[in-house]
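Order of writing sets the labels: A, B, C and D. Residues in every chain begin at 1.
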Amino acid sequence: MYGWEAYLSERDKKHDEQWGKKELYGFGSKPAFVLIDIYYSVLGFKREPIFESMEMWPSSTGLEGWAAVDKTAELLAVARENGIPVIHVKGLHSGVNHWGRRKRKLVEMSPEMRQRGTQIVDEVKPVEGELIIEKAAPSAFHGTPLTFQLISLGIDTVIVAGETTSGCVRASVVDGATQRFRMGVVSECVFDRTEASHYMNLYDMHNKYADVVFLEDAKEYFNQIGAANKQKIHA
Amino acid sequence: MYGWEAYLSERDKKHDEQWGKKELYGFGSKPAFVLIDIYYSVLGFKREPIFESMEMWPSSTGLEGWAAVDKTAELLAVARENGIPVIHVKGLHSGVNHWGRRKRKLVEMSPEMRQRGTQIVDEVKPVEGELIIEKAAPSAFHGTPLTFQLISLGIDTVIVAGETTSGCVRASVVDGATQRFRMGVVSECVFDRTEASHYMNLYDMHNKYADVVFLEDAKEYFNQIGAANKQKIHA
Amino acid sequence: MYGWEAYLSERDKKHDEQWGKKELYGFGSKPAFVLIDIYYSVLGFKREPIFESMEMWPSSTGLEGWAAVDKTAELLAVARENGIPVIHVKGLHSGVNHWGRRKRKLVEMSPEMRQRGTQIVDEVKPVEGELIIEKAAPSAFHGTPLTFQLISLGIDTVIVAGETTSGCVRASVVDGATQRFRMGVVSECVFDRTEASHYMNLYDMHNKYADVVFLEDAKEYFNQIGAANKQKIHA
Amino acid sequence: MYGWEAYLSERDKKHDEQWGKKELYGFGSKPAFVLIDIYYSVLGFKREPIFESMEMWPSSTGLEGWAAVDKTAELLAVARENGIPVIHVKGLHSGVNHWGRRKRKLVEMSPEMRQRGTQIVDEVKPVEGELIIEKAAPSAFHGTPLTFQLISLGIDTVIVAGETTSGCVRASVVDGATQRFRMGVVSECVFDRTEASHYMNLYDMHNKYADVVFLEDAKEYFNQIGAANKQKIHA
């Protein structure tokens, strides 16, 4: 059960039986792991329920966000153990006019705290040698060198974690599929502010652009790739 | 009422009260009207309920699709009357490997009928002088000259109709907003196979990337632009 | 001798000794062969010296163009024998406003002849199963699905023929290198209207973005790839 | 006289008479000024002739580069006086695999000096409020948010300065023209390592993609735009 079933209408359920995806597309032999927008301002500095967290960080995803971060940290460790290229994507703060047109009143805080809000959380922070890409778009691909790097490394599959499921994750997954990469979304490692958006975007991505898989499957996939690569080196 | 309210969870409704969009972003002074993927194979040759229509055209959107086509034809007439540039977007059938990875069994039919399935429906078909753009991606922008044409015409606002709300419409709206065009989605003129996807994608687009507006508002907007342009010419 | 030496200044020659490229970058294991803009209007229907040919086709490249076409036909045969994916790129004539801003007076001719002018010449025309990509830009990559196809096929190297060296070939080579494909330009298979532009663009491409190679080397490369692929299949 | 005449062959001169560009395309009403890659490592810390400068900075452009920097500083002042949006473009140093495949031996120097080599030279350095865009491509457009910003500002014309004429300037001008912006290259404000490449790329750009103009003309254009904008505000 992926969780989206509860959000489908009765007609949708019948439609899904007839038209819905029944088999995974499958992944390739050269994956990268891409972490999208996992910084403090969408989580808060403390682990709090969403409505409490929103008092300071109005765009917080609350405890569901933190739960996904912990799962992402697990998968990140497995990716690193197996030599899977890891790419971190975050917002660019350089003065480019923002794609979002909402003017939101900012909660008052010190410049240091606001700055810390833009930092990737410690649980999944980049280590030496991992690429950080800054984007001025919802998608990790648009207006960034991400495609350049993926082609340069011969990547055929992109496994995605981060937030929001209905925002930058969705946009990146559509673009990755458009570029003809095989896309994977790890169910426990993506998160959102809105429950219905979270589940319906998982549904859309799974049916159109990506395989939505579970954490254990993603770990196993990275382990298999790691084992195959070790064999190649020893052969 | 936009219709998405029924699909939100109780928590989502509370969240939306606090964080949801309260005001439209607004449109600019130089719009284009872009019609996406309104061809027979997603509607059927006959106007039938979705499950009947799917017998011949498994990707049909049924009567809801046809209703949106009729509304789109209304808006198209207003766009043409007011000299709004109209761009039709449809699939490219040239042999580029498809972004969709589903292998679907095709319903048996004559090559002529299959070919007709790829044609834009008569109700909104292009007239002399209207640009047709073919895409090999969900988005109308990716791998096409759409941005070139919009910049060339000095367009600042893109009003969208077509299908599916959760597929090519959504992908195009995200890309258009990314490119910093003002995006509008006409509620009655977009359609989908899945009700929950339709409404939740309207919700996502409205809250992140576009103004979802009603047909009457879109007509009024095109009429205002047309009137302003006439005044400029006479001035 | 590549031919560009004659166009360098004395200072340039000294500079080139110190800074110029001394070794090829090398090609990868999965090439595609891309033919750019080899249609009648840049060659003429008859094989004539450039100034005679220009009377009917002002943008003709004359006999030098035809010589390159014959060499390209040779290389195309070798590519096909070896199962190298072949992609033909030509202009899109759909009403998109052109990137070129020159208004040129058209030579009078029948619509049939003008239409034939846009066709790929018989010597290198596409065969069943070869992709044709239409572009509304100098580069074969911009606003087209070319990158999608290359990624889909796992291509790492793009070998280029066609015209003009200083126009669409150059633009495509820069974009291909930007996308991190290994780029090759076949010296005898690219052509131009302007001699100095031809040679200086070869020089620029070789020093910055691509390996400029000779026809025999390109043939040998395709033969090696073909032989390696056969071995893989038999293994 | 643009300077490229000396590099054309006799046939080219005759060809140019018949086919060459005779009139400027003209600029629009909303320009931006884009400065490309004007940092110390292509100029050196001292103003020295190219071969001396290359001892420390092998990619230096020498005194010709410095002369162009001084002219660019003049034009930059005029742009700022007239409220023309200024955008600085420089290399991204984040670990993305480079598009250039040359391995060059680095001259030994301290990390501080090498770091200073990547900085924009004081003569044209950004002031508060001017956007800096970092690129991982020859072109300022590819893999960057430059197009987003230009569309956001309603820009129709891009005036370019910087280096090298045959490298990042050329690539950016081709991409800008592809995107349907009106492109201008200021003859005295672009520079290169290779004389023939400099002049032949000016020739190519002028004949295909841009108006190559002189510094005085560019100043006058910016002054006119500034005066027109002041009038609008007062009207």
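As a convention for this text, contacts are C-beta pairs under 8 Å (C-beta built on N, C-alpha and C of every residue); 3 or more make two chains touch, one makes a residue touch a chain.
Please read these numbers as outputs of a predicted model, since none were measured by experiment.
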B-C or B-D, whichever has more C-beta pairs in contact: B-C
From the options A-B, A-D or A-C, the pair that copies C-D, where over half of the contact pairs coincide: A-B
Whole-Å separation of chain centres (CA-atom averages), chain B against chain C: 37
Mean-CA-position distance for chain B and chain A (Å): 27
Computed distance of Cα centres, chain D from chain B, in Å: 39
Residues of chain A whose C-beta touches two or more other chains: 97, 99, 137, 143, 147-149, 152, 178, 180
Chain C-touching residues of chain B, taken from the complex the two chains share: 92, 94-97, 99, 129, 131-133, 136-137, 143-149, 152-153
For the chain B and chain A complex, residues of the former touching the latter: 7-9, 11-12, 14-16, 18-19, 21, 25, 50-51, 54, 58-59, 97, 99-102, 137-139, 142-143, 166-167, 170-171, 174-175, 177-178, 180, 182, 193-197, 200-201, 203-204, 208-209
Footprint of chain A on chain C - complex, ascending: 147-149, 151-152, 154, 156, 178-181
